[in-house]
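The letters A, B, C and D name the chains in turn, as written, and every chain counts its residues from 1.
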Amino acid sequence: MHWWLPLKGSTFAGDIDGLFLAILIITGIAFVVVEAGLIWFVIKYRQRPGRKAFYTHGNTRAEVIWTTIPAVTMVALGLISNHYWVRIKGRNSVPANAYPIAIHAKQFEWQVTYPGADGQLGTPDDFTVRNQLHVPVGRPVVVHLSSEDVIHSFFVPVFRVKQDAVPGMDIKAWFQATVPGQYELGCAELCGMGHYRMRAQVFVHTPEEYDAWMKQAAQEAKQ
Amino acid sequence: METTQHKLPNYMLIWLYLFVLTAAEVLFAFEMPISQLAKIVCLLVLAVVKALLVALFFMHLKFERWRLRVVFMIPLPLAAILVLAVITEKLW
Amino acid sequence: MTSVAATTRVPHAHHDDRSFLRKYIFSTDHKIIGIQFLFVSLFFLLLGGVLAMQMRWQLGFPGKPMPGGGLLPESMAAGGVILPEYYVQLVSMHGTFMVFFAIMPLLVGVYANFLIPLKIGAHDMAFPRINMASFWAAFAAGLLMFASLFVPEGGIRSGWTNYAPLSARPDLSGVTIGQLLWCVSIVVLGLSSVMGSVNYITTIINHRAPGMTWFRMPLSVWALFITAILAVLALPVLQGAAILLLFDQTIGTHFFDPAAGGQALLWQHLFWFFGHPEVYILILPAMGMVSDIVANGSRKPIFGYHSMVFAIIAIAFLGWLVWGHHMFMSGMNPTLGSSFMVSTLVIAVPSAVKVFNWMGTMWRGNLRFHVPMLNATAFVAMFVIGGLSGIYMAATPVDMFIHDTYFIVAHLHYVLFGGSLFALFAAIPYWFPKMFGRMMSERWGKVHFWLTFVFYNLTFFPMHILGNAGHMRRIYDPTQYDFLKPYQPMNEFISIAAFLLFATQLIFFVNFWYSLFKGEKAPQNPWEDNGLEWSLPSPAPHGNWERVPTVYRGPYEFSSPEVSDRDYLPQHEKRPTDREPASTTAPSH
Amino acid sequence: MTHATATVDLMRPPFPAEPGSGVYSNKLGMWVFLASDVMFFTALIGTYIILRFGVSQPWAHPNAVLNVPLTAFNTFLLICSSVSMVKAFAAISQGDQRGLKLWLLITILAGASFVSVQVVEYIKLVGHGFTPAGFREGSTLAEHAVSDPVKYGAATAGLYGSTFFTMTGFHGFHVTCGVISMTYLYFTKVLPGKYSRQDYRGIETIGLYWHFVDLVWIILFTIVYLI
């Protein structure tokens, strides 16, 4: 059991975890200030006989300070987050050389279509595998998400990637895996009573392994 | 308060405006040889003018205090925000 | 001249000769209506808790027969083991009951009704009969929703958010009648809420006592006023959406059905355009009442009254601009996502103002820790945690990871339980004497508070860690995933804490009922507070005041140097230096 | 502008004013309710705009499917009823009981006729095959749509039916509620002469509702029947 975020398995993971940490620090400071302050006040100013509270209606200077600091922090945080956001999900974020994979979600499975030997979707050598996502390491991959019936959500925790698959929409999501291995893909959007078991395996291969797997899988799919 | 009819807005006149504008709209929609977009814009303008006539004169907003006008105005930007934001969906 | 018009409105203020039915069932008295709301929504709170316990059993001990599960029909729990379809229904109905039938009516139905006239010095609401209709509509809505648990297939199975097309397609979700009942119930509830809110708004604008200027209103009244504005504008949108969803299922329309050109995301936009203002409907009244109680407990004027008011207004206004933060991963235009992120982050600013002003109020106070004050302090401490976890989700890249995980579940319980419900645990004993003429037990209140505080944190704090591990929400059996198997002990721990949390609530339950009949008789002003309601006997009589009091100052004049023998100065107490207020009655000519 | 000032006085008649805003509660409450109703229609009309904006295939020409002249007449009827409503208000604000009775009756009748015409329209439309689910299989409209898919918006008929019936239906529902409440007031308050120059709050309040319903129709007529 980890107490922290899972393995960093994609190029985004570092950025996202870094941002998470930054927010943890900002909110951590706010948290400590508020909670420690409360505890201190609770102890120090608890009722004592004969004491009268300090009569005041406020203090403009203090209020300006504690309005400005959060305001500045939040705007800065917004700008920084947006920088990453545009790189991850922005309109033109998908790298031109990204390797295409189509994923069709339906109650309750993932149909993953690979481009075959020519590296292009929509050609006759495409083939489809259920509930297995194989990707090469170190290469941007773009998944074309579609859905048969209801909304599902493509979620690979180690890649830090999540994207809903919405019926009637054609949505792209991209990532670049960095660590070879076997991981899990889950459905993150309630899609019916089988939502909990709508999972798939993710295999991150080295390029050679990937080619080998591709040949074999294409063969199997033909039969 | 011996105010008589002429102290109120001339409702019959407003009625006439509304009638004319409605007729204009119908003619406009089907007889005008202009582009679809221009047509839509003109029709919407006409509709808004008519709606304003009703709100200002029949609902007396023209004669009310500001605080009451505000009540009616608050939802309008919200409605606009909702529709515009969702429409941008299609523009990307 | 002013109070003449006012007093003549209720000629029989203290001669209460109404029949039982008129007095307690079809009452138009705002206080009785508030109390009716109290009983009904506490029932739904309990029901929501019972549903949560079943969920927690399944999550902590997946596949094991639930104690008492044998009593459930085989279609829900086979051999006592909860079935996936029943689990999904549990989640959805838990969220629905808690949000729409427990917390919202508790905060708004109970306290807007009970407090507004009492705190602004009115005899009743502006439209007492519409007020009564509002309660009965809410009651009917509650019955419909409750009934949906017992129809074939049970209640909804698409989350409290009812995302289409799942919710619109019985063939895909597996529920028909339950979903229809949900839609109808929500439309009726919206009607109730609109009727109520029109009443609250009109009453606050038109029926304030002489001298009760806008900036002498207690913050609770301000918060309820702004909440009513939110409700009056937000609920119709939900009603509209629910009607479209209903039509999609019944008369064959295609609003949300992409196969026929409809848009799946349209539902989400409509729902969250309502939904985010809704979550502020669930917190603003809590903040208002906590402000009153913190000032009372600190024996100090509220720190920065005006900025507290403006912060309420700012939160409410910004609340309309952020709904898209629930949809960052939905495939919505990412540029729109950026603007929703910024507006969401900005809400931290007025929230910060509120938090720091509460702290400023306690600073150098003379803190009296009666049960309401304990809970109000816990509100501040817990709301901050929930609010701060909101920041992670507002940052879109981080939300990409934590969206739809237990991090969200942790957030929402910190704001809704740590926030709204703790505020209610403060408000219920605080105004209990004015409602029923008796005090709730302080001792048991303290026991309940401490146990709740501990078990609550043990239940919900670990959910952040589950979220960080990528634990999805709304899943029936986490052990299906290999990467979640190591976290099963934590799920078990949470479940046990949750059971203890629930058990602790029984203390509250008993304390509530016991005090209702056997509690100590309440004095007129047990908390030594300044509000107008404390100028009335406990319980407050029908028609409230024989003659509406005149207000000379704001509601938070604690420890004022003007008085030396006690540390509070009621709003209606005339001091030698006070002048009669200029008439607040607008001259008709 | 003396003209306006005199009018302002008429708008604030001498009933027991409430303390506070100077606007009596019924009227204020009605305005707040109308603001809420704006949001309700926002959900419906907004949905229509969003869906229509979102489709890539052609949308049906309104006059191919709907009977525009009939509805134009209906629109005219509703506008007239708004005028008669305001005349009723003007009458009682001058203490003219007969005027009130007459004009309110006209309003009720015009409103009822509007609903009746709408019912007839619905029946005809459904008869031709236009339903909330789109063009009914095998109906005249469905056949037309096959021969001229652009003019009849064959591909978007489902959305057209959904939005059309929902928007006009809920408007009709509002009109019906208005007619019922006015009829109720007519028998309980107007005929017994309970309104007077001193107090005609009920008339002004129901009038606001009625004009609002008219206003919504003005928008709906344009965007549903003409565009």
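Here are some notes:
Here, contacts are C-beta pairs under 8 Å (C-beta built on N, C-alpha and C of every residue); 3 or more make two chains touch, one makes a residue touch a chain.
Since the structure is predicted, the reported quantities are computational estimates derived from the model, not experimental observations.
Each step here moves to a touching chain, and the least such steps from subunit A to subunit B number 2. Between the interfaces A-C and C-D, more contacting C-beta pairs are found at A-C.
Distance from the subunit A centre to the subunit D centre is 48 Å, each centre being the mean of its Cα atoms.
In terms of their C-alpha centroids, the spacing between subunit A and subunit C amounts to 31 Å.
For this pair, subunit C with subunit D, the centres built from the Cα atoms lie 35 Å apart.
Between subunit B and subunit D, the centres computed from C-alpha atoms are 14 Å apart.
Counting partners per residue, subunit A has 91 as the residues that reach two or more other chains.
Touching two or more other chains at once are residues 74-75, 78, 82, 86, 89, 92 of subunit B.
Under the contact definition stated at the top, the residues of subunit C that touch 2 or more other chains are 233, 237, 262-263, 265-266, 269, 334-335. Which chains touch which is summed up as A-C, B-C, B-D, C-D. Put simply, subunit D touches subunit B in their complex at residues 3-4, 6-11, 21-23, 28, 31-32, 34-36, 38-39, 42, 46, 49-50, 53-54, 63, 68-69, 72, 75-76, 79-80, 82-83, 85-87, 90, 93-94, 207-208, 211-212, 214-215, 218-219, 221-223, 225-227.
Note for the complex: subunit A touches subunit C at residues 1-6, 12, 15-16, 19-20, 23, 26-27, 30-31, 34-35, 37-38, 41-42, 45-48, 51-59, 62-63, 66-67, 70-71, 74-75, 77-78, 81-82, 84-86, 88-91, 107, 149-151, 153, 155, 157, 160-164, 166-169, 171, 183-184, 186-197, 199. Partner subunit A is touched in their complex by these residues of subunit C: 83-85, 87-88, 91, 157-159, 163, 165-166, 169, 172-174, 258-259, 262-265, 298-301, 303-305, 307, 329-331, 334-335, 337-338, 341-342, 345-346, 348-349, 352-353, 355-357, 359-360, 362-369, 377, 380-381, 384-385, 388-389, 391-392, 395-398, 400-401, 403-405, 465, 468-470, 472, 474-478, 480-483, 486-487, 489-490, 558-561, 567. Against subunit D, the residues of subunit C that register as touching in their complex are 2, 5-6, 126-127, 130, 194, 197-199, 201-203, 205-208, 210, 232-237, 239-241, 243-244, 247, 251-255, 260-263, 266, 269-270, 583-589. Residue ranges of subunit B in contact with subunit D, taken from their complex: 1, 3-5, 7-9, 11-12, 14-15, 18-19, 22, 25-26, 28-30, 39-40, 43-44, 46-47, 50-51, 54-55, 57-60, 63-65, 67-68, 71-72, 74-76, 78-79, 82-83, 86-87, 89-90.
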